[in-house]
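Have a look at the structure below, then the notes.
Note that the chains take the letters A, B, C and D in the order they are written out, and that residue 1 is the start of every chain.
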């Protein structure tokens, strides 16, 4: 099944090819990057087609068997992440055509875009600790650079902060990998879980702690969140859409799922830590979002809050908890990317995202206000849209596991979310107060508009036609989280 | 080569002292020099630990790191580094004490045993590299063949960093600024 | 055990440099020390008492080689990790040059504009 | 023109740097037999150019290996390594070593290891040279209020 490795190879080749031949020509490099991302999307669809009949794909790089070589694996859980990632990337690339026109040497942007995509795809298909670390580093370094792409002072500083914290997080992860190597002599996840069965628990808790801290840095859980608001709000908007929409979920959340529920199965206590961290960052993000005065900063704090929901739901566990975590990941990815792209259009047209400078945009940008409205309603959890279903499932999960207080807090935070989004919506789109910005630049830029509209249609449909089409996949993924253990791969 | 534990500890403590000087020194130049000392000691220690590949790499990478950092500070303001945040220092002292206590109490559980690695994968490599791959250097065989996929990633990391340097040293970020 | 503890002290010194110091170059130095500590940790993991280097030279039997050589796997990983550190330092040096150009100082105290 | 460092340094550099270059190349080529390989060798090759850069100043080095050229070379190195990996697809598996393995301790042994070593050596050497040159040039250009590196190179020619 050679197809599994195609997304990574395609994106790597795209990066090298653009760097070699096209980087001086912005348009051509954009088109090349877009076509490679479409190819990658097609290969992911084909992987999905294969997964209908088979439970998982296992691939031995170089033909070396499990403990020796690097083994790749895609199962239904990683397929859902792969699908969302490769669905968003072409759209964001398309959006960048017009948005990146303003930047000097935008050819480099597409190189870095390809690199970050290659890194994220590589994390998702891998089944080897060190391989995951290497691809994590590729995508992280590319994201540090992308944050500072505009070379404004604030961007440089945000990038510096992000780099420092990211390096500390990576160091934790690397030390954890080293301890795994020292304890068991292997780097393969399946081999490790097979051996770890016979190791005493007290030998392993430190590794788990290091991993939770490291991936906590990556997905901005509460004590490790300092970098996120600056980095996500100051980066160019397509970059914010990648970072907030998908990057923190794959580098943080996906790997946390794997670590907590598939690899370190012997530690049910870790779930309690996740509930605590998730709860605190959920509340913290929501409260901080209220008092911000910049659109993108509100979205960034909202990201912290919504990641809190995901991690909380992962910690609650059980069928409903895992279902809620996966669904919330999907809907939050789509909606948050949509919102960041939306704010990117506003930034493109008006040059600012400060709330007090923007007024009554609904007359000048009817499309944008509609799509933004859809995204915000979805994130705030208003009934027909996606996040309503995921939030209600998380609440059900909390009640089923007898965490009544937590379900109550979830409802409260959801109301706060609705509050600050409605306030934002009213302030920038509908308020007719003084200082209305009357540029007549209501131009109809398809490159900017189409990705946003496509995304909002996705969100609308995925919310309304809830179950029948993709419920099978999500059920399979939930089953993967609940009962899959890597050691079953070792018996063959 | 038989080395007693004392020599290991001696070299390691030298490195520790060097890194303390590197962090604490007031002048950037002197802290860079002591950083270089630590790197060179590290390279020697790698050689003693039976890792000549890494020793070469560490030696040259150390030199290049120093050149990079020196080229970043030469001609610029390198006055004494006095400032350090009080809150973070306090936090750090807590972290330091807590982690030291943890390491000392649980060291048997946290760390693997020194000098007796688990070789159930390592032995396979040592056997397969000369026997099947006909490569004398097991480390190169791992880097480029058994785990070659990692090395693609590694080459990509350097590539990314160089692209990053090019991006950061552009004339300006946006066209209209 | 004492060897691992000294290495972790070195790691903590690096963390100190990154957390407490406010000079960008100092932060890079702290990062470098963290990298040293991690690399050292990996190589020490693979060390075998009275081990030989994992490179076959003519005259040694393969069986003897397998029994005696140190673990080559951590060394291969360290090679990767050294390069990753070098790349990060390259990038950070460029970033600090850029920041210096805007502010005329490496001191973060005078630079800090962003809150929270 | 009194650029770069003193005459002693220049002379020593002139004598030493070819040896460093050859040493680097030999580390790359014999990487599968002796300690070394693509990465250490590439770094040594880069340092051979970098000491010239330090001793003579950048103009003289850039005449030998210009920035444009090293920019292209490091992309080519990356693509070459990817292609070596892709040769495995001829027999159906990514990264499969399909070449003849040869005899132990001879130069041709280990199948594609030597190609990978050369590709990585090229990539690492040129990209580090590129990075360090750019970093050292940034200072000079900021002073002259001229930052873009490709512009400056045309002045040299």
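Note that a residue touches a chain if its C-beta (ideal position, glycine included) is under 8 Å from a C-beta of that chain, and two chains touch if they have at least 3 such contacts.
Since we're looking at a predicted model, the values are computed, not measured.
Asks: A-D versus C-D: which has more C-beta pairs touching?
Replies: A-D
Asks: Can you compute the centre-to-centre distance for chain C and chain D, using the mean CA position of each chain? Integer Å is fine.
Replies: From the centre of chain C to the centre of chain D is 23 Å.
Asks: Where the CA atoms of chain A average out and where those of chain D average out, how many Å apart are those spots?
Replies: Comparing mean C-alpha positions, chain D is 37 Å from chain A.
Asks: I'd like the Å distance between the centres of chain B and chain C, where a centre is the mean of that chain's Cα atoms.
Replies: Spacing between the chain centres: roughly 2 Å.
Asks: Report the inter-chain centroid distance for chain A and chain C in whole angstrom, where each centroid is the mean of the CA atoms.
Replies: Chain centroid spacing, chain A to chain C, equals 29 Å.
Asks: What are the residue numbers in chain B that touch two or more other chains?
Replies: 52-53, 57, 61, 64, 68, 71-72, 76, 110-112, 117, 119, 121-122, 125, 130, 136-137, 139, 143, 145, 147-154, 156-162, 164-166, 168-171
Asks: Residues of chain D that contact two or more other chains, please.
Replies: In chain D, 34-35, 37, 39, 78, 82, 94-95, 97, 104-105, 124, 128, 131, 134-135, 138-139 touch at least two other chains.
Asks: What parts of chain C, by residue number, touch at least two of the other chains?
Replies: 15, 45, 53, 55-56, 71, 73-74, 79-80, 82-84, 86-88, 90-91, 93-98
Asks: Looking only at which chains touch which, which shape fits best: line, ring, star, complete or other?
Replies: Contact map by chain: complete.
Asks: Which residues of chain C touch chain B once you look at their complex with the stated criterion?
Replies: For chain C paired with chain B, touching residues are 1-10, 12-17, 19-23, 25-26, 28-30, 32-33, 36, 39-40, 43-57, 62, 65-66, 69-76, 78-80, 82-84, 86-91, 93-98, 100, 104-109.
Asks: Enumerate the contact residues on chain D facing chain A in the complex.
Replies: Residues 72, 75-76, 78-79, 82, 86, 88-89, 92-97 of chain D touch chain A in their complex.
Asks: In their shared complex, at which residues does chain A touch chain B?
Replies: 12, 15-16, 19, 61-62, 64, 67-70, 102-105, 108, 111-112, 115, 118, 122, 130-131, 134-135, 137-138, 141-142, 144-145, 148-152, 155, 179, 182-187, 191, 200, 202-203, 205-206
Asks: Using the touch definition from the top, list the residues of chain A that touch chain C in their complex.
Replies: 130, 134, 137, 141, 144-145, 148, 151, 153-154, 156-161, 163-164, 167-168, 171, 174-175, 178, 181-182, 185, 187, 226, 229-230, 288
Asks: Which stretch or stretches of chain B touch chain D in the complex?
Replies: It is residues 52-53, 55-57, 60-61, 63-64, 67-68, 71-72, 74-76, 130, 132-137, 139-141, 143-145, 148-149, 151-152, 154-156, 158-159, 161-162, 165-166, 169-171 of chain B that touch chain D.
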